[in-house]
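The same chain A turns up in both complexes below, where it pairs with chain B and then with chain C.
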Partner chain A sequence: MTTSDDAVTVLTVEAPAVAQRRARWRMALPVGLLAVPMLAFLTYFFFYPAFILLFSSIQTQDSRGIIGRPFTLAHYARLINVELYARVLWTTLRISIITSALATVLAYPVALVMVRSRPMVTRIITLIVIAPLIVSVVVRGYGWQLVLQNGPKGMLNWILMTLHIVDAPISVLYTEVAVVIGSLHVFFPMMVLPLASALGKIDPNLEDAARMLGAPWWKVFLRVTLPLSMPGFVAGFTLVFSLTAGSFVIPAILGGASAVMLGNLIEQQIFVVYDWPFGAAIAVVLVGLVLAVNGFSMWLLEGRRLRRPE
Partner chain B sequence: MDERFSGFGAFILYTITAGMMLFILAPLLLVMAASVSDSYFVTFPPQGFTLKWYAKVLQDRDFLEAMRLSILLALGTTAGSLLLGVPAAFALVRGRFFGLAAIKGFLLSPLIFPALVTGLALLQVLTKLGSQDARLNLLIGHVVVTSPYVIRTVVTSLQLVDENLEDAARTLGANRLRTFWRVTLPQIASGVAAGGLFAFMVSFDNYPVTMWLANSEYSPVPLILMRQLVNVFDPSVPAMSTIIILMAMVGVLLLEKLVGLRRALAA
Partner chain C sequence: MKSSEVRLDRLSKEYGRMVAVDEVSLAIEPGHMVALLGPSGCGKTTCLRMIAGLIRPTSGDVFVNDKRMTDVPVHRRNVGMLFQNYALFPHLTVEENIAFGLEMRGISKADAARKVSEALNLVQLSKFGKRYPAQLSGGQQQRVALGRALVIEPAMLLLDEPLGALDKGLRESMQVELRALQRRLGLTTVMVTHDQDEALTMADKIVVMRDGKLEQVGSATEIYQRPTSKFVAQFIGASNLFEGPIEQRNGNGAVIRVSPELSLQVDQLPPTTSDVMVSIRPEAIVVERAGQTPAAQRANSVTARVDQAVYRGFVSHYYLKTPSGGQIIVFEQNQSQQAGLRYAVGEEVVARWEAPSNHIIARH
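Take a look at the complex of A and B:
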């Protein structure tokens, strides 16, 4: 290596442009090769398995559990036509959309305060928002189980009854509402962080200008802050939607039998029913859903269709 | 308070923000309170004070065994994803070759793939290969999901390195390896450390990949906890959960010290 580098140095003196091009060419190959182990690993343990999964979703499983021909789309048809399964698909979509929408509405104020406050406040909010992100999802689901516990001994019911908001305990646990609350808690940081980074890039002078020209605070937000923060919103919405759609733990702990999501259905098909092709088909639908949303958001972000010159 | 926010708008902003902070902390604080409360079933408000559940957890062989497995797995995952991820990040930032953008997307794609499906797909292939050692399977699965995080943080910190310093080192006669070791690495050290710490924490908490690849003999902590929650009621669950919460807090503080949280998590 040393010798080739020395050669490059000598060449530089003679003909800089040519030498630089050569140096780059020599550099390029070995540096690029550093990615090969990672590429090989992911190809073998990620892309190849994903392909096999896709492939087995259009095959048939015989009574001995062996997957092979004939090719069929019956598993996909089953997911849509059998009401029980179609309902799971709709529940997943509904919970994911509601969670992402709620996260958006609630994350804007938090992100604004996080970006525009004194350093100390920013630091504390950042810590509180991010800290739970690293606590196991199982633990957070359990925490919500304790908060939402049905019956008078649960925290939520105790508070509601002490404040005389309700007379009898309400039942939130094991409903879709509980799953939305849990998912919101788990994925809220994924909305706040992109929003905060987008808001941080907005020139405060633009807002000041709008204010000085007499716009009330809500108009400043709607006409200046909101449009300029769209990239953060799109990124955050996509993340929260994708992660919620693919969740397993939260619906398992908080949803029980009344809010089964695609992830739970896949697990059940593989571990309980041993129906691999059907499980694979549901997984492919889930991936398709997530990739579609991600593709759409990339199209929005990269086409710069979000920055209206006004 | 702040000159930028005033009037009714500010009131709404601060109220929602304070409410969300409570929302985020409430379940975690309740778990911690329950872990020292002296009743078999968790009630609100928590009653009494005891450390007996911690004493029980520390003698719980299944939990300790799971903890040992989780820590070793997370360490292995960190090493694996750093060994594969750091060179790959280097190639992505310094390489100039055809299809660079495509390869970058390729390497980061496990991030947008639902982890649950990643695990399921991997299980199918590993079963076909006849790979029956759950520990090895878990290690492979965890490296798949954590390596994109390492690549991302290292790429970010590599982009900030001044290439002139490397050129200077090379001109002064250092070979490429030495240049990397003495000039580049010190500059990206905090990024590499953050990536590694991230890999450790993601692996330690991972459920959606772990649930497919673990077996009854080798079950990491999140799986054991889930089992206790769903199948049998165990009054020491709050204590186990609190231990996990405290470990996470240490991780967060370390991350904040190393690179600053916002930067570590920035996409």
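Take a look at the complex of A and C:
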């Protein structure tokens, strides 16, 4: 008797929940079906090639150019052991970190002004920040080439010499500096936008409260604004780092021979040297590097190590 | 903690052509709690933020103990403030939140730790020091904010609708708690509220604002019993407002003719010779069954019909209609033994009140 009573109670309690779950499924099903084409496309055209790439990187190429057994890690060893290649790896890391760091420093004031101004000003600044995205990276690369050109006819040199800041032309083009400048220009919006979004979520009362508790403006920034904008900083830094590390056009146009990055090395191995397994190994290292940075930032954000404003 | 005297001298703030605060002058005695009360958009927050230094006045000055504060930057003013949304630092623990102001003052770690634990005791949150604000209830969060504001031993305390986000029961107990603490510390306090009950319960002095200007300043009793304008009479509590010409002057008073069936005997001399406006609080009116009153046609008395009756626990609200169409609101306290409403809708009654309940107000 008691058992059947219990069963009845359980049923009546459970029934609505089950019905609700079913209803949710009925809704989810068509949406799920709509997602299938894109998921199938990505699986075939992204994950499958990525797997091939990974697979090629541990295989051997024979004298006729055919890739096959035996499996080997020699390509990875070569990337690290051959000084020429290792230097490219370090250059890539260095340029990416410097670009991301500079972008951060330059983006904070822009993002702050963007968030704290009147709506009209905010709109104008947003436009200024994202407008360059309309122009192709290649065009912007060549633009910078003209500006940074070595020799007295380069725009920068001409200005510096006319203003008597330097006596002889300086060499910027085809150095890491040129690549950093170009990358900064191209990837700056990727830093400003997440930062602005994070800063916009900070309650302005928090800064007022800090001021009233005796904090001058720079302490307000260091103790309140900066820590609370960490999610935006991490997102922006990760984006700019990933994009810079993976870039090809900017170092190709502005870096020349002295600032070769991993992307350019891959192109060289695939199209010039025809050493596909080695090219694949470099690509895997590049992807691994970017994934590691992304994974680290996810860990920072999700593990509540950075507290988000409520 | 020494109490400070705060004075506002013709404080104004303009946003473009819009005047948010218009020449507000006010003296606040040391240790007093003043409530800025008024409808939404009347400039209360703007006024408070100018006192805090968060908004720079267009003209006018704030003085604390006769020292001009207008050019002193916010972080040097030593003013405590509670915000409606608490504004606790979400990335800091309760202890770190409270220690923030001490840290900014360069107080040593040991002293700060002692003061923080004293402050936690004061706001009864000793067990919660290691928690983050998101792990506290609204009431607890506001207590942390109070501890954080008090630990710096501020010259004054500013509250911007500090209890607005709390539910009714908690709000009322916090009102009493906050007021007791403020009294004990003798802390000069300015509070913004649009809740008249809050102002009446907590403040020594109520400042009613309207359209950026001061409308009336006075104690709770003064504001409630002697409103100087129609606006105040209607904004604070409910009021029956009658208007009419002076029929007769007698001694220190006059008779005002409101309608053929209603005349008012007032104990004040009308300030004008034209029409006079009189306010009567709903609880000052007594309702009786028609026919029970012998002198139904005397002043301050009118026969009316019950139009609506609302039972609200310890009071009942009656909305009466006079024969000429005027409305009278009456609040009657219910007796504990009583079953419910004493008068039914449609019933004929007599409403009457004493002459001192008639209060002449300047017309607006």
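Convention: the second predicted complex is superposed on the first by the 278 of 310 C-alpha atoms of A that agree within 3 Å, B and C clash if a C-alpha of one lies under 4 Å from a C-alpha of the other, contacts with A are read in each partner's own complex, and residues count from 1 in each chain.
The criterion applied here is as follows: a residue touches a chain if its C-beta (ideal position, glycine included) is under 8 Å from a C-beta of that chain, and two chains touch if they have at least 3 such contacts.
Here the structure is a predicted model, which is why all the values come from computation and not from measurement.
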Clash or fit (per the criteria above) of chain B with chain C on chain A: fit
Touched chain A residues, chain B compared with chain C: B
Kindly classify A:I266 by the partners it touches after superposition: chain B alone (first), chain C alone (second), both, or neither? first
Is A:G32 contacted by the first partner chain B, the second partner chain C, both or neither? first
Once the shared chain is lined up, is A:V137 touching chain B (first), chain C (second), both, or neither of them? first
Looking at the overlay, does A:F248 come into contact with chain B only (first), chain C only (second), both, or neither? first
Return first, second, both or neither, reflecting whether A:F188 touches chain B, chain C, both chains, or no partner chain. first
Between chain B and chain C, whom does A:D203 touch in the aligned arrangement: first, second, both, or neither? second
Figure out whether A:A50 sits in contact with chain B (first) or chain C (second), or with both, or with neither. first
With the two structures laid over each other on chain A, which partner does A:P169 touch: chain B (first), chain C (second), both, or neither? neither
Smallest separation in angstrom, by C-alpha atoms, between chain B and chain C in the superposition: 8
Where chain B and chain C land on the same part of chain A: residues none
Where on chain A does chain C make contact in their complex? 203, 205-206, 208-216, 219, 223-224, 227-228, 306-310
Quick check on the complex: what are the chain B residues that touch chain A? 2, 4-9, 12-14, 16-17, 20-21, 23-28, 30-31, 34, 41-45, 83-85, 87-88, 90-92, 94-97, 103, 106-107, 109-110, 112-118, 120-122, 124-125, 128, 140-141, 143-144, 147, 151, 170-171, 173, 175-177, 201, 204-205, 207-208, 211-212, 221-222, 225-226, 229-230, 237-238, 241, 244-245, 248-249, 251-252, 256, 261-262, 265-267
Under the stated contact criterion, what part of chain A meets chain B in this complex? 1-2, 5, 9, 24, 27-29, 31-35, 37-39, 41-42, 45-46, 48-50, 52-53, 56, 106, 109-110, 112-113, 116-118, 125-147, 149, 153-155, 158, 185, 188-189, 193-194, 196-197, 204, 207, 217-218, 221, 235, 242, 245-249, 252-253, 263, 266-267, 270, 276, 279-280, 283, 286-287, 290-291, 294
Touch list for chain C against partner chain A, complex: 52, 54, 73-81, 83, 85, 87-91, 100-101, 104-105, 132-134, 148, 152
